[in-house]
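Okay, handing you the structure first.
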Amino acid sequence: MSKTYKVKKVIVKTEYKVLAVLLIILAGGLVLLPKYEKNSGIKPETFLLNIMSTERYVTTDQIADKIIKQDPNLLLIDVRKKEKFDAFSLPNAVNIPLADVLSSDSEAYLNQDSFDVVLYSNDNCYSDQAWQLCNRVGYKHIYVLKGGVNEWFNTIINPQEPKSTESELTFKQYDFRKAAGMYFGVGNTASTTTKVKPKKVIKLSKKKKKVAEGGC
Amino acid sequence: MKELEKTKRISFSAVIIILAVLIGLLNFKKPRNVFKKDKDLTLKHIVSQDFIITSKDLDSKSNEQMAFIDVRNGFEYNKGHLKNAKNIYTANLLEEANKTYLKKLEDKNKTIVLYASKPNKASGAWMLLTQMGYKNVKILCVQTNYINNKFSVSDYPLEIPKYDFAAYMKKATSTNDDATTKKVAPKKSY
Amino acid sequence: MKNYSKKNRHVYWNPYFGGLILGLLILFTFYITGRGPGASGAFKSTIVTVVDDIAPTHAENNAYYDRFIKKGDSPMNTWLVYEAIGILIGGFLSGALSNRLKLYVQHSPKITSKKRLIVAVLGGVAFGIGAQLARGCTSGAGLSGMAVLSLGGFITVISIFGSGYAFAYFFRKNWI
Amino acid sequence: MGPLIPNGVIPPEWNFVFAILIGIVFGFTLEASGFSSSRKIAGVFYGYDFAVLKVFFTAALVAMIGIYYMDYLELINVENLFVLPTYTWSAIIGGVFMGLGFVVAGFCPGTTLCAAAIGKIDAMATMVGILIGILIFSELYNFIEPLFDGSYLDRITITDSLGISPYWFIFLFSILAVIVFYVVDVIRKRVKKVFY
């Protein structure tokens, strides 16, 4: 080690003193900043806007049209309970009861961007709440069937006969609904049409979490 | 060593950083309203269906415990509304005035009862308020409409199937229609 | 200009200024890509590619290589390899600017350059093993780890400098 | 907005472009602050030049303060950042090996690259050594695997393990750093000068 042991006084330049003080103030500032509650996930303001907007609704005619045309990226999700789902459900629908809309295995169905997800229940209430939960968690491309299965029956399964004074458009709509009803098995005797549609097997890839991967 | 003397650059950049931090802090707005409840708690509420009040339990005793909030817009409110119901349209639920009003109700620990033309219209407001941390918010399951200029409130139980779907389908498919209609793809009419 | 840089071959930046720029760079890297800068990952990728080309079967059934072999895409196509290329370019630029480009072996006058090369290789071997074990070198696990206050980062840094000071006595012949 | 590329603000194709740019600035800073000369780096362990310690701790401190200020201002979301996973024993023993390598070779992988870039042949030798080291590690991986994957504490931060708030930790760490910088200057004054 060094031979001469006289302690040389360390002269610290004033700049370094100032810089050291600045550093400590900067680091200390973090401690003094007033704490505030962080908002996790979607902001309440945007959540409110989403609730108010009604473009999430899809009418039964559109859904019937998509099913008949075998629209590939339509995914119907029934949020009613299991036994109601078994009793009657729209073709190719997947059953996710309202209780486990946020469970991990249902996330594969809801949190993906390859399908347009349409939620439906008997009426609008459960499907709306399911939609709001999905919106709160930040899922995209989720729609709600207006009126649910009740509306489905009112329009597609037994459409009301329009009175003769109705506009020509309602007659056209009535014809479409009548034909769609037949497609869904109303009124045609020869049940040759394959009643049970081949269950559309939906291959879903788990969406990767957003944490940045890294490592050296 | 020699390089320790060169402090011009570091002092200059230190000043810039301090300025940047100050500017960042000064124009930083804390989020005004924050979701307190996490999503699973809300889900528990929904599943337990404890937020529903039917018109049956609207007897007079519980009335002063409840504060009615009409979440429809002003126009419908003026046409007709429940007795002593306050009108807060869903869109301006987050305004300061309404928030203080709800806070006051909360402090007097009244149950906030929301109602609209249909229960599912009020469920959005209900979800927003429960997640913002309001404790007991309920929805009045009624259908309100205005028939021959009288404001009528009729019960509207949730999610009641209009038909017995399965039976109806079986009956519908088995009716032997005389014309053997082939499965015809419906012509796109509109 | 010529004699200025001739004279100041060994005048580097003020270390605090260098640290400041490095800190801002780490901050920028986290802000843009969500991960910290690193270096030893690039060496690992080269080794994996080389072994994968020479003995693909061996690479398959060795658990460690298998982690980094991506089907249909060479392991070199990773973030760290591009960053390593950047480091080479950046180092060259800075060396050129302050006239430090010179092909030579830098060693303390006490030892010969041959001994220095042997020592460098042995040190590298130790570093190679250590970097894989700690999942990152001083900049990968140390700096990036400490920046996000990860416990692993602090443990690695403490053990690096601790063991460094412990071993310093035995290798003082090489340096002073 | 948090980390821009994972959050999708910047398309992932830019990832590699930023890698090169960041590498350039990284290499430039390392080289300019003297990390390309092994004797200057070894000065940390022998007391004649503590540049490495100063640069290292200032960089870590600035990054820490920066990240937590941006986290406070909601510009960065710390949960989305890559936090180094903690394998305690693997980190300790890896650190010991790296400490040994540091004292013996005088370079770490980052500084090896930028020293080799300016023509240091011993840096190139260290690069070869590092490659050999990784080869050895990979071949012996089957024996090392229990240590490598053992004592896994997930991505725990030091503030969670100590149970204090990160802001306090950064404040204390900055005071510690200033004290260390002063002590280091005192040591350097008393140690025999080495010119390199």
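For clarity, chains are labelled A, B, C and D in written order, and residue numbers in each chain start from 1.
Note that in this section a residue touches a chain if its C-beta (ideal position, glycine included) is under 8 Å from a C-beta of that chain, and two chains touch if they have at least 3 such contacts.
Note that the structure is predicted; figures quoted are calculated from it, not measured.
Q: Pick the pair with more C-beta contacts: A-C or C-D?
A: The greater number of contacts lies at C-D.
Q: Need the CA-centroid distance for the pair chain A / chain C, whole Å please.
A: 45
Q: Please report how many Å separate the Cα centroid of chain C from that of chain D, as a whole number.
A: 9
Q: Report the inter-chain centroid distance for chain A and chain D in whole angstrom, where each centroid is the mean of the CA atoms.
A: The mean C-alpha positions of chain A and chain D differ by 42 Å.
Q: Per the centroid of Cα atoms for each chain, what is the distance between chain B and chain C, given in Å?
A: 55
Q: Counting only residues that touch at least 2 other chains, which ones in chain C make the list?
A: In chain C, the residues touching two or more other chains are 12-13, 15-17, 20-21, 33-36, 38-40, 79-80, 131, 135-137, 139-141, 144.
Q: Where in chain D do residues touch two or more of the other chains?
A: In chain D, 3, 5-6, 34, 51, 61, 69, 74-75, 80-82, 84, 170, 192 touch at least two other chains.
Q: Pull out every residue in chain B that's touching 2 or more other chains.
A: Residues 3-4, 7, 10, 14, 17, 21, 25.
Q: What kind of graph do the touching chains make: line, ring, star, complete, other?
A: Contact map by chain: complete.
Q: Inside the complex, what are the residues of chain C that reach chain B?
A: Result: residues 11-17, 20-21 of chain C touch chain B.
Q: Note which residues of chain D are touching chain B in the complex, please.
A: Touch residues, chain D against chain B: 34, 49, 51, 69, 73-75.
Q: In the complex formed with chain B, which residues of chain A make contact?
A: 13, 15-16, 18-19, 22, 26, 29, 33, 36-45, 47-48, 51-52, 65, 68, 80, 84, 87-88, 98-99, 101-102, 121-126, 128-129, 132-133, 136-137, 148-150, 153-154, 157-158, 169, 172-173, 175-176, 179-180, 182-183, 185-191, 193, 195
Q: Could you pull out which chain D residues touch chain A in their complex?
A: So the residues of chain D in touch with chain A come to 3, 5-7, 61, 65, 68-69, 72, 74, 79-82, 84, 165, 167-168, 170-171, 173-175, 177-178, 181-182, 185-186, 189-192.
Q: Which of the residues in chain C end up touching chain D in this complex?
A: Checking each residue of chain C against chain D gives 10, 12-13, 15-40, 42-44, 46-48, 51, 62-65, 79-80, 82-96, 98, 100-108, 113, 116-117, 119-168, 171-172, 174-176.
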